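Next come two complexes built around chain A: one with chain B, the other with chain C.
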Partner chain A sequence: MMTNPLALDRRTRTMMVIFGCLVLFSAIFIAAWLYGEQGQVTNLALRKLPPGWNQPFGTDWLGRDMFARTIKGLRISLEIGLAAASCSAIIALLLGLAAATMGRIIDVAVTWLCDVGMATPHLVLLILISFACGGGAKGVIIAVAASHWPALTRVIRAEVMQLRTSDYIKLSSRLGKSPAWIARHHLLPHVVPQFLVGLLLLFPHAILHAAGLTFLGFGMSPHTPEIGILLAESMRYLTTGMWWLAVAPGLALILSAMTFDVLGNNVRALLDPKTLRE
Partner chain B sequence: MITQFLLVKIFRLILLIAAVATLSFLLVSSSPVNPVDAYVGTAMLRISQDQREIIAKRWGLDKPPVERFGRWAGQMATGNLGVSTIFNEPVLSVIGKRFVTSFWLMALAWSLSGALGFGLGLIAGAREDTLLDRGIRLYAYTMASTPTFWVGMILLMVFSVSLGWTPVCCAWPPGLSAEQATLWQRLHHLLLPAVTLSLIGIAQITLHTREKTIEALRSDYAVFARAQGESIIGIVFVRALRNVALPAVTLQFASLGELFGGAVLAEQVFAYPGLGRTTVEAGIRGDIPLLLGIVLFSTIFVFTGNFMADLIYHLVDPRLRKTAGAIS
Partner chain C sequence: MLEARTLAYRYGKQHSWLFDDLDLQITAGEIVGMSAPSGRGKSTLAKVLAGYLPPAKGSVMVDGLPLPSSGHCPVQLLFQHPELAVNPRWKVAKILQEGEEPSAELRQDLGIEPAWLDRYPHELSGGELQRVCLARALSSGTRYLLCDEMTSMLDALTQAHIWRIILNIAQSRRLGLLVISHDTTLIAKICSRNISYFEDTAIMSNSRI
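The block that comes next holds the complex of A and B.
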């Protein structure tokens, strides 16, 4: 059989994808740091310029460089995503573990909490929580962080439940292993990958929801270069033909959300022994 | 059996609404936003302290939160959700009017995305790993990471601003009322927001249908049909279709929550005066009765979707129909 010499196995490919993502994300942070104040400085001589060599994403109605603003917006999005995804994932881990191991009543309560958390449309819930926090950046972060746990909680609960009834765990406890030993050697290796993949796959949701919330006008002040705010501002200039104000920041947002999606799915494939060598 | 199924569902709905109502009341009453300030708005300087106290008293804000909750819940149980502060109209009638406008938008988008997504999923599954499949998958994955409002803005720029084919805003021509606009005008204004919602909504149903189609094509009955010389297209459309359609319909009904969220964003872009835009206004301008009303209404909306999905499953799937006692 002929094999393509350039075909890499999944492990190598995934490692390359992970490396590429890390480079991309650090590039965003470094670029945002290098640009310093540049995205905020108005330069009326350079107003409303379409994309070109000196300003790849064009400039806005105050002559601010859209590329610098987009990079800063992405940095804010990544920060919100990081905070929100970690909070939600940790809540999900604790609730999922509690539901699966602490008896029937806790299980019913946690399952019920998940149902209630998913009962209203997610965006309406986000608006409600951000209103309860009085808006502002704090409101956006709390809303996104406190509303993404139900799905992952269910996954972790189901995983642990299934493990606890599996034969090898029962056998292990018959052989006299303590619950702590079983948790450490049998449960953890299964739950940690689920947790990590769940954490990564929460990122795109968190980033998009945060952008949606700020686009609607909940949250940050209009001076913050956040992607949702950039897009909401560009709405006023759409009819005048300044298309670049909306296109480039939106594409940048989609790209970063997709990157996390690809990253999460690759890590999942890598951590699952069944698909590792495909 | 069906009455028992309904009774269980109604009991669950009541329990759910009670929980959602309590939690959302807790949330809004912990908000630092002062409802009187939010109501008075820019007229803040012209309103004296006494007048503010009169407003607060009229709304019952001088009473402790527990008593307020008791009164609100009591009124809610009789079907009175209070009066919206920004529209000065009963909350139920505001929601009713706005929902009718949103309903046509959501219905059109929902059917479009369901039909297109299902078709694309079948094609992608039947032609697994071809260029066509890769194209469809790339589209679906991209749309899953694309914000609804951005798609709306791009469509708005291309079709309304550059080409001028569709109107820039609203649900009917400015200057007319909803009743004066013709059906054609309404459809014309509806088209772009509905397409925006469907373009995004297609993603999930396509990927799901594709998975199910591939699964069906690997099943014993499909392999057997292949061995008898049937074409893949024949197997997909004659044999697999029914098995794939049921989960797709279920998924589509269960996605009403995302449809509602998408409508909020799309209506904001197109200035479409539906329930979604009202939600944003209620949130930004601190109209607490309306916001709570919309939270409860959207909960019922999502619940109805899930309920329909369950019901269809039980009515259509022969495996569940035979063991009707297993309905839960």
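The block that comes next holds the complex of A and C.
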């Protein structure tokens, strides 16, 4: 069989994809920082311009550059996503480990909590929590963090339970290994990749839900350039033909959510010995 | 001497006894066979003897003392499926070191090649992996080996090769061996006697199909 000498192996391609995703995310942060005040100041001479060379995403009814506003919105989304997804993942890790190792009663309690969390409509829960926490970025982060742990909790609980009954772990204790040694050497290498991938795959959920929450008006103050707020504002101008106000930020949001999905799946492939060396 | 005294086991109170009042003795250096149809409890007995499952009644003794609950167990079990007996995220080098670093001589006897050390379990074949499991089980503290269908999934040539190695090691170290297998020719060839407990008992209640 002929192989193309220029074709990259899967590991290199995976590394490149991961690197590309990280570059994209840092670019958003750097661009948002470089834009400074731009995107917040009004410029009435440049009102309602469609996308063009000088303003790739057009301008809004106050002459603000939509590209700058979208980048800033993405930065806020990423920050909220990072905070909320990390909190959720840590809650999931602790609850999952507790359910799998601390006996039946705790397991039943955690499983019940997961069921309740998953059965409640997400958006209702999000609105309730963010409202109860007084709104703002803090309210959004708490709401997203407090509602996204059940799925990952179940994954971690199942993983640890399956490991505990596996032959090689029982065999390890018959070879004279202590429970602490088994936890460190057998459990950790399985749970850490699950945790990391779970964390990355929580990002798109967190970002989209945060945007949904602000779109409905339950999040930040109206002049923050947040994607949900941009979309909500654009609604009023869509009928006048200013399609770019909704399309550009909407696409940017979907693309960044999808980037996290790609990143998560590639990290998983990299951490799994079955795909690690392909 | 590995000894089971009035041993009994069942999976939960609503199930019938898999074995009850079972007595068994294997002396050092002895090779004992056990064969019976599927589902009678051979593997469960092996797990009880190796300390994987606590007996419901009776006890397992080694030289008159009960099996230690911590530390290296003198009775080691070898499974039918070696790929389930190793951590899929560990490389072979680490798997081998889990018991007691096997000597180069033992590795050579078992035909474990240095190139395997850097591989993951799924990158080895079943027979290669079973040798790794065997090397791990053969720490100096191991006195009895329970081989539960250990070579059933291997081809005849590999089977013969692995058994030749085990019999050599068992002879030189005076290990006691319990060979559980459906292969009655294998048992007839290598074992000095046969435990017929599970063959004699009537088919256990298995009415729910």
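The working rule: the second predicted complex is superposed on the first by the 275 of 278 C-alpha atoms of A that agree within 3 Å, B and C clash if a C-alpha of one lies under 4 Å from a C-alpha of the other, contacts with A are read in each partner's own complex, and residues count from 1 in each chain.
Definition applied: contacts are C-beta pairs under 8 Å (C-beta built on N, C-alpha and C of every residue); 3 or more make two chains touch, one makes a residue touch a chain.
Worth saying up front: this structure is predicted, and the values here are computed from it rather than measured.
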For the overlay on chain A, clash or fit between chain B and chain C? fit
If you stack the two complexes on chain A, which partner ends up touching A:P273: first (chain B), second (chain C), both, or neither? second
Touching partner for A:R154 - first (chain B), second (chain C), both, neither: neither
Based on the superposed arrangement, let me know which partner A:R69 touches: chain B (first), chain C (second), both, or neither? neither
So, A:G217: does it touch chain B (first), chain C (second), both, or neither? first
Who does A:G176 touch here: chain B (first), chain C (second), both, or neither? second
Partner chain in contact with A:H186 - chain B first, chain C second, else both or neither: second
Of the two partner chains, chain B (first) and chain C (second), which one does A:A132 touch, if any: first, second, both, or neither? first
Please determine whether it is chain B or chain C that touches the greater number of chain A residues. B
Give one of first, second, both or neither to describe whether A:A119 is in contact with chain B, with chain C, with both, or with none. first
After lining up the shared chain so the two structures overlap, which partner does A:D167 touch, if you call chain B first and chain C second: first, second, both or neither? second
Check the superposed model and tell me the shortest C-alpha distance between chain B and chain C, rounded to whole Å. 9
Identify the overlap between the chain B-contacting and the chain C-contacting residues of chain A. none
The answer for chain A against chain B in the complex is residues 112, 115-116, 118-125, 127-135, 204, 208, 211-212, 215-218, 231, 234-235, 238-239, 241, 243, 246-247, 250, 253-254, 257-258, 261
In the complex, go through chain B and note every residue touching chain A. 16, 19-20, 23-24, 27-28, 30-33, 141-142, 144-150, 153-154, 156-157, 161, 168, 256-258, 260-261, 264-265, 268-269, 279-280, 283-284, 286, 291, 294-295, 298-299, 301-303
Which residues of chain C touch chain A in the complex? 50-52, 70-73, 76-77, 79, 84-90, 98-99, 120, 122, 136, 139, 141
Note which residues of chain A are touching chain C in the complex, please. 166-168, 170-178, 186, 189-190, 273-274, 276
